[in-house]
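Below: one structure, written as C-alpha cells.
Chain lettering (A, B, C and D) follows the sequence in which the chains are written, and residue indices restart at 1 in each chain.
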Amino acid sequence: MSWLLLALAVLLISGLLALLVQHRTVSVLAAGGVVAAAVCGSIPALRVLLGAPAESLRWNWAVPYGEFAVELDALSAWFVLPILFLSALAAIYGTEYLAGWRGKKSLGGATFFFHLLVASMLIVVLARNAVLFLVAWEVMALASFFLVTFEDEQESVREAGWIYLVATHLGTAFLLAFFLVLGRETGSLDFNQWAATGALAPGTAGLLFALAVIGFGTKAGFMPFHVWLPEAHPAAPSHVSALMSGVMIKTGIYGLFRALTFLGAPPLWWGWVLLGMGLSSGILGVLFALAQHDLKRLLAYHSVENIGIIALGLGLGLIGVSLNSPLLVLLGLSGSLLHVVNHALFKGLLFLGAGSVLHGAGTREIDHLGGLLKRMPWTGTTFLIGAVAICGLPPLNGFVSELLIFAGAYQGVIATGASAAWPGLAVIAGLALIGGLAAACFTKAFGIVFLGEPRSEHAMRAHESGWGMRWPMLLLAAGCAAIALFAPAVVRALVPVLAELTRSPLETVSSSLAPVMRILTRVVTATLGFVGLALLLAWLRNRLLSGRSVKMAGTWDCGYVQPTARMQYTASSFAQPLTHLFKALLRTRERLTRPAGLFPKAASLATETPDLCRGNLYAPAFQKVSWSLSKLRWLQHGNVQLYVLYIALTLLVLLLWKLR
Amino acid sequence: MNADLILILVVLTNLKLLASSRLGACIRTAAAQGMLLGLLPLLVHPHTAPARVVGLALGSAALKGVVFPWLLFRALREAEVTREVEPYVGYVTSILAGILALAASFWLGGRLALSTLAASPLLAPTALFSILAGLFLIVGRKRAVNQVLGFLVLENGIYTFGVGVIAGIPFLVELGVLLDAFVAVFVMGIAVYHINREFDHIDADRLDRLKG
Amino acid sequence: MKHEALLWLVILVPMATGGLAAVLPSPRKVLGTLCAGVGVTAGLGWLVAGQVFVSGPVSAGWEWLYLDALSAYNLAVMLLIYGLSSVYAWIYFGAELRSGHLTLKQTRLFAALWCEALAAMTLVFVSNNLGIMWVGIEATTLLTGFLICVHVSRESLEAMWKYILICSVGVAFAFMGTLLIGAATRGLRLSASEVLLWTRLQPHAALLDPALIKAAFIFLLVGYGTKAGLAPMHNWLPDAHSQAPAPVSAIFSGFMLNTALYCVMRYVPIVETATGHTGWGLRLLIGFGLFSILVAAAFILFQHDLKRLLAYHSVEHLGIITLGVGLGGLGTFAALFHTLNHSLCKTLAFFAAGRLGQMFGSHDMGKLAGAMRVSPVWGAGILGSVLALIGVAPFALFMSELQILKAAVDSRAIAALVLFLFGAGVVFVGALGHAIPLAWGKAETAVKPIRASMLETLLVVIPLVLLLALGLWMPGPLQTALNEAANVIRHTGPAPAGPLVGGLP
Amino acid sequence: MKPIALLPPLLALVLSPLMLGIINRAKALFAGRQGQPLLQAYYDLWKLLHKGAVYSRTTTWVFRAGPIVGLAAVLTAVALTPLGGVPALTAFPGDLLLFACLLGLMRFFTVIGALDTGSAFEGMGASREVQFSALAEPALLLALAAIARPVGSYSLSDMFSAQWAGNWTQLGPTLALVATALLVVLLAENARLPVDDPNTHLELTMIHEVMVLDHGGPDLACIFYAAALKLWVLGALLVGAFVPLGETNAWLNLTLAVGGQFVLAVVVGLVESTMARLRLSIVPQLLVGAGALAAVALLLVLR
C-alpha cells in the first residue's frame, strides 16, 4: 500500500510542480511523473493479483463521516493495472502531442489536471469510504472536464465540456442517493461494513440497484446515458480521449461491480436489466459508430459498444448467480472483466492512432483522408492491430474476452431448463450482430483512412509522428497480442478477483475454472497454428514469386480511362447499405442533390447522424423542464406593489393554514 | 373618553384613508390617526402613568402627528401632485374591502386569543385592521406617497398592538421602534424626493425597469 | 471585565470609524480609515468570539449584550466577510477614483454607511434582547438602502425604493412577531426589562403559550425571511444586488441575508420547545427552503445579468441553509457550515463580477465573455466561485450539501431529497451553461487584457484556497464551534446525528 | 489422437476444389451444355501458381497480406471441422466460435485488401460483403446453438459426432430449420446465387468476385483455394447436421459425408441454375429470414 501512496504522492507533487515550471521541464514532469507513479503503483497491484492478501490502510480524515480508508484487493488491483499502464503511455504520448501548443497554452495546467485525473481514478478504485469515493469521483469529473476543454477557444469544445460535466454531475446525483440510502440502511458509510451486512429488503435492494445502474452507467456510458461520450471524446486532446475512453469510463464498471458486492444475492431481473443495457448499448453503439465520419466520434461510439459487451458479460454472470450455475458465473464475469482490460488496451491504442492521424494529417474527417498507410506506416499498422482486436477477431485479445462471453451464452443455452437459455439466445444473437457490424465499421475506418489514394491535400501532406508518439502505440499493440498469447495466465490472474466477487475460496474458483483454462490453451494453440500457417504461406508465396515478373501498374479500372482519388468509395458510401438498413434507428439526415440532365453538373450527398438519445430523449426533457420552470418567472414582474402583495398573501395563508 | 372610543376612531380613519383620493386629505387623516394613537398609552394604563409612558405618548404624537405629515407634504410639493392617479382598486371597492378586512381582523383577533390580555377587546382587531389597511394602501395605490402612508398606517397598527397588548416592553425597545419608524419614513421621504427628481413622477407602478 | 468591554467596543469602534470617515479630506484617506476601522473591529470581534468558544457565553450590560456560540460563530464569519469586502472596496473604488467616477462626497457617504451598517449588524449578533436585535435589523435596512445608490441612477433608485419598502414592510411584520413573543411570555412572570431577553425565554420556553408562539413564528419567519431573501419574499434581492456597487452586493449576499436568517435561527429553539418538539416550525423552514431553491433554479436558468445570476444563487443557498436548519440534527450543523462556505464563495463571486464589470463595462453576460483571456485572475475567480456555488467537489459547498442531503435521507425526508436534488440539478445545468462562455467564450467586443495586482490575486486566491481546504479537511476548532453553535439551535445537548466516522458532531 | 483424425483435413485439402467442378458441371448439364472438365479448378490453381504477379501502385502490404491471411484462416478452420462423425484435429468447447471468427478474419482481410486498391468497384464489393456477412453471422451462430442445445455441448466435434448427425427421429423439424438456415448462410458466405453471381462479368452486380479484381498469380490461387475450402467446411457442417450416419463404421461414415458434400455441390448447382440473383435490397431479408429460422429452431429445442 505504501507503494500506492508513493505513486499518489508522486502524481500530485509532479502535477503541482508542473504548474510552476517552464516548457521543457513541464514535459519532463508530465511524462516522468506518471511513469514513475505507474511503476510504483503496479508493484502492489501485481502482487495482489498473484495471490498476495489484500492490503488496506485507514487514516483519520477530519471530515464529517469521512475516513481515508483505502484497500487494494483483487478487484481494485484488476482496475488499477490498466489505469496505470495506459496513463503512463498516454502521458508519454501527450508530451509530443501537446508540444505544438507550447507557449500558446498553459501546458502546466493540462499536466496538472492530467495527473489529478490519474490520481483521482486511483483513489476511486481504492476508496473504501463513501465520502472519500464521492470526492475522488467528483475530482475525477472536474479534472477531466478541464482536460476536455483544453482547446477552449472552440465553440464545439465548450459545448462538449458543458454536456460532459452536466451528464456526469447528474449521474453523481443518483450516486449520492445510492450511497446515502445505503448508509441509512446500514448505519455506516464504510464499504467493508456494507459488504459485510448481508440481506437488504428486496425493495430497497432493487431501488439501490437501479440507482447504481443509472449513476455508474452514466459514467460508463450505457445507452441511453451515454450522451456525453460522443461529445467529450472527440473534443478532448487525443491522449486524454484515450485515457477517458480506455480507463476512466471503466471506473463506472468498477463502481457497478463494487456496488453489486453490497447488495446481496441478485434476483434474476437484475441480470436481465444489464443484458438489456448491454444489448442496446452494444448494437446501437456500433450502429451509430458506423454512421459517423469523424474518426474520434466513431471511436467514442465504439466505447459505448464495448461497454455494452462488458455489460452483457456481467449480466450473464448475475443470471448465473441467481440460477446458481457456477460455470455461467465464471464465464460471464471473467469475460466481462477481461474485456475491461482488453478494451483499455485496444481503445487506448485506437485513440492514440486517431490522435496521430489528427496530428499528422490535421483532420479527423474520415472522408478527407486515405492512403495514410504509406505515409504513416507505424500508426497505420498499429491501428490495424487495434482494429482487428476490437472486432473480436483472432489472433488478438478482443477475441479471447468475447469468446468467454460467447461461451457463457452457449453454456446457458445447453444448460437444463430454459431460464438460462433465453439470455444465452439473446447474447448470442446480439453479440454476433455486434461482431459483424464492428467488422464492417473498422474495415471502413481502417480502409478509408489508411488505404487507397489520399482524398485531400491534408492526407497528401500527412507525416508520421515521432517516436514519442509511436512507442506508446507499439507497446499497446504488443499488449493486445500478449494478452491473446498468454490468455490462460491472464485469466488465472482473475481467480482472486472472481473468488472475491463470488465470495468463494480460491481453490473452488480455480478448480471450476479448469475447463475454461483448457479452452483457452486450445485456443492459443490454434491461433499460434494460424499465425504459423500465415507465415509459412507468406514465405511460400515469396518463394514462388522470386525470379518471376512482379510488375507494378495502376489499379484495374474496369476499362474506365481516368480513375481519380475522388472516385473511391468514401466512408459514407461504404457504410450506406447498412445505415440504410437501420435507418429507422439511426435517423440519418441526408442532404442530397441528385445529378440532373443529360450532362449533369455537380451532385452531392451529405449525411450526418446526430445522437438518438440526445435528440429525442434529453433535449425534449430539458425543454419540458425549462418550460415548466419558466412559468415561475412572472414572480419577478418588476412591480413593487405585487411584491408586497406576495408577502401579505404568504403571511395570511400561513396564518389561516398553520394556526388551525 | 376611553380607549374603545379612540380605537373606533382609528378604525374610521383607516376607512377614510381607503376612501379618499386626495393625497393631502390622506396625509391629514394619517396625522390625525397618529395623534389619536399618541393618546392611547395614557388611556390603556390610566392609573399607572409613569414618566416614560407619558414621554412615549408625547413623542409618538409629535412624530406621527407633526413631523411625518410635514415630511410628506414637502414631498408632495416637490412632486406637484395632489391626487392619486387611477388606483389598482377603485375607492368604493376599497371601502368594501376595508369592511371585509375589518371582519377578518375581528375573526383573527379572536383566533389569536389575545383579547384576554388586551386592555380592550377592540384592541387586537383594530391593530390587525390597521395592518391590513396599511398593506392595502401599499398594494392598491400607485403614488409612492401613498405607499409611505400605507407603511405608516401599518406601523401604527403594530404600535397599537404593542401599546395595548404587551404590558411592559422595555423603554429602550420602544424608543428604538419609534426611532426606526421615524428613520424609515424619513428615508422613504428622501427616496421619494430623489425619485421625483430623477423620473419627474412618483408613480411606484412605473418603476418596473428591473425584472426577470 | 475585559470581555464585556470588548462586546461594547465591537459596536462602538465601527460607529466611531464611520463618523471619522465622514469628515476626512481625501477619498484615499477615507477608504484607508475604513479598512483600518473594519480591521480593528474584526480583530476585537474574533478575540471575543474565540473567548466564547474557549469559556462559554459572554454577556455584558445587565445581560442586554450577550454572545453565545451561535452568535459568536456568525459574528466571526461576518467580520471575515466584512474584512475581505473592505479590502476589495479599497481596490474597487480605487479603480473608480482613478477613472474619476467617484467623488469625495460619495466616498464619504459610502464609508460612513458601510461602517454604521457594520455596527448595526454587530448589534444584531451581540444583543440578547430580541427587540434590540430587531432594531439592529431595521437599522441595517435603512443604512444599506443608500449604499445601493452610491451612484444615483434610475435603476439604482428603483432598486433602493423596492428594497426599502419591501424590507421595511417585512421587518415590520418581524416586529409584530417579536411583540407576540412578548405577549406569549405572560405565563412566566418577567419584569418589563426581562420580557424579551433570549436568555430568559430560552430556559422557560416550555411555559410559553403555543398558539401565540406559532402566530409569532409565522410573523417572524415572513418578516425576517423577507430580509433573508427567502422565496416568495425575495423579489427585492436581485434588484438590490444587481444595482449596488460590487462591494455592497458582496456584503449583502455575503452576510446581510445570513444576519436576518440568524434572527430566525434564534427563535427556532424557543418555538420548538414551546410547541413540544413536534417539528412544527422546522417543517415551515423546510417548506420555505425548498421553495426558495426551486424559484432560484427557475430564474438562474434564464438569467442574462451576471450579478442578478449571483443574486439568485443567494436565494438558492439561503434556501439550502434554511432547509438544513429545518431538517435538524446533522442538518443544522451542515447549515451553519454552509453559511460560512456560501459567504466566502459568494463574496468572491461578487468581487470577480464587480471587477470584470468594470473591465467590460457591463454585467450582461452577452458582452461579458472570455473573462479568462481578459483577466486570468478574475476569470479564474468567477469560474472557480461559480463551480463551487453549483456544488462541485472538492469545494467545501459540496461537503455541506452532502451533509444536508444525508440529514434529509436519515430523517427519511425523501420529498425534500428529491426536490433538493432536482433544484440543484437545474441550477447546475443553468449556471454551468452561463459559466463556460463567461470564462472562455468569445467576446463580441475585444477587451484588452488587464494584469491584476498582487492584492487582487490574493483576494481571489485566499477564498478559493479556504474553500478547497475546508472541502478536504475540517479543522477541529471549527468543528467544535459548529457543534456548539448548532446545539444552541437544536437545544438538545449533544448532536443526535448518529456515530460519525472521523470523530464528528 | 487416432490417425483417422487426419483424414477430414486431408479430404478437405484434396477434394474441396472438386466441389467447384461439380457445381459447374451440374450447372452445365442443366443448361444442356457439356461444360468444363470436373477438375477445372485444379487446373486453374496450377496455372495461377506458375504465374507472376501484377500489383497496383496504390496498394500496400495489406493487399499482399490479404490472400495469405485468408487462406491461413480457413486452413485453421479446416482443422476445427469434423467430418462424418470423425472429430476434428483439435476440438474444444467453443471451437465453433473460433471457427466463425476465423471466417470473419478471412473476410476482414479480403475486404481491406479490396479497399487497398482504391478502386470504386472493389470498394463497392467490400461494402456489400460486410453488410451481408454482418447479417449472416447471427444466423450461423444461432443455427449452431440450436444443434448445441440438444447435444448438450458446444464443440463442433461433439455436435456433429456420429450419434447426433442427422438425428431426424429426435429432432426432425429443428434439423430441417437448421439445415435451411445453414444452406442460406453457405450460399451467402460462398458468394453463390441467389446472393452473388460467381461467374458474371458485370462488376456492378458482383460481390466477392469484384473484391479480387486486382489479385493475380499465386495470390489469386490462394483466394480460389481459400474459397473452395470455405465452401467445403461450411458444407461439412451442413452435411454433418443433415446426413444420418451409422454409429459404428468410421470409414463408412466418412464416405457418406464426402458423398453428402458432392450431393450438396449438385444442389448448389441446381439452385444456381434454377434461381435468378436476388435484388441486393432483398438479400438482407433472406439472411435475416435465415436467422429467424435458426431462432425458431432454437425455440423448438428450448421446450
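For this structure, a couple of remarks:
The rule is simple: a contact is a pair of C-beta atoms (placed from the backbone, for glycine too) under 8 Å apart; a residue touches a chain by one contact, two chains touch by 3 or more.
Everything quoted here is computed from the prediction, not taken from an experiment.
Averaging the CA coordinates per chain and comparing them to the mean over all protein CA atoms picks out A as nearest.
Contact count check for B-C and A-B (C-beta pairs in contact): higher for B-C.
With centres taken as mean Cα positions, chain C sits 31 Å from chain B. Spacing of chain B relative to chain D, judged by their CA centroids, is 100 angstrom. With each centre defined as the average position of its C-alpha atoms, the distance from chain A to chain B rounds to 70 Å. Separation between the centroids of chain A and chain D, computed from CA atoms only, is 35 Å. The multi-chain contact residues of chain A, meaning those touching 2 or more other chains, are 633, 636, 640, 642, 644, 655, 659.
Touching two or more other chains at once are residues 161-162, 165, 169, 211, 215, 238, 299, 302 of chain C. Contact residues on chain A toward chain B in their complex (touch as defined above): 633, 636-642, 644-645, 648, 655, 659. Only residues 161-162, 165-166, 169-170, 173, 211, 214-215, 218-219, 221-222, 226, 231-233, 235-236, 238, 280, 284, 294-295, 297-299, 301-302, 330, 333-334, 372, 387, 392-394, 398-399, 402-403, 405-406, 409-410, 412, 417, 421, 424-426, 428-429, 432-433, 436-437, 439-442, 471-476, 479, 498-505 of chain C touch chain A when the two sit together in their complex. In the complex of the two chains, the chain B residues touching chain C come out as 112-114, 117, 131, 135, 138, 144, 147, 151, 154-155, 158, 161-162, 165-170, 172-173, 176-177, 179-180, 183-184, 187-188, 191, 194-195, 198-199, 204, 207-210, 212. Of all the residues in chain D, the ones that touch chain A in their complex are 49, 51-60, 62, 64-65, 67-69, 71-73, 75-76, 79-80, 90, 92-95, 97-98, 100-102, 104-105, 107-108, 111-112, 115-121, 123-124, 126-128, 130-131, 133-138, 140-142, 145, 148-149, 151-154, 203, 213-214, 217-219, 222, 280, 284, 291, 295, 298, 302-303. Contacts from chain A toward chain C in the complex involve residues 60-67, 129, 131, 134-135, 137-139, 142, 149, 152-153, 155, 158, 161-162, 165-166, 169-170, 173, 176-177, 180-181, 183-184, 187-190, 622, 625-626, 629-630, 632-633, 635-636, 640, 642-644, 646-647, 650-651, 654-655, 658-659.
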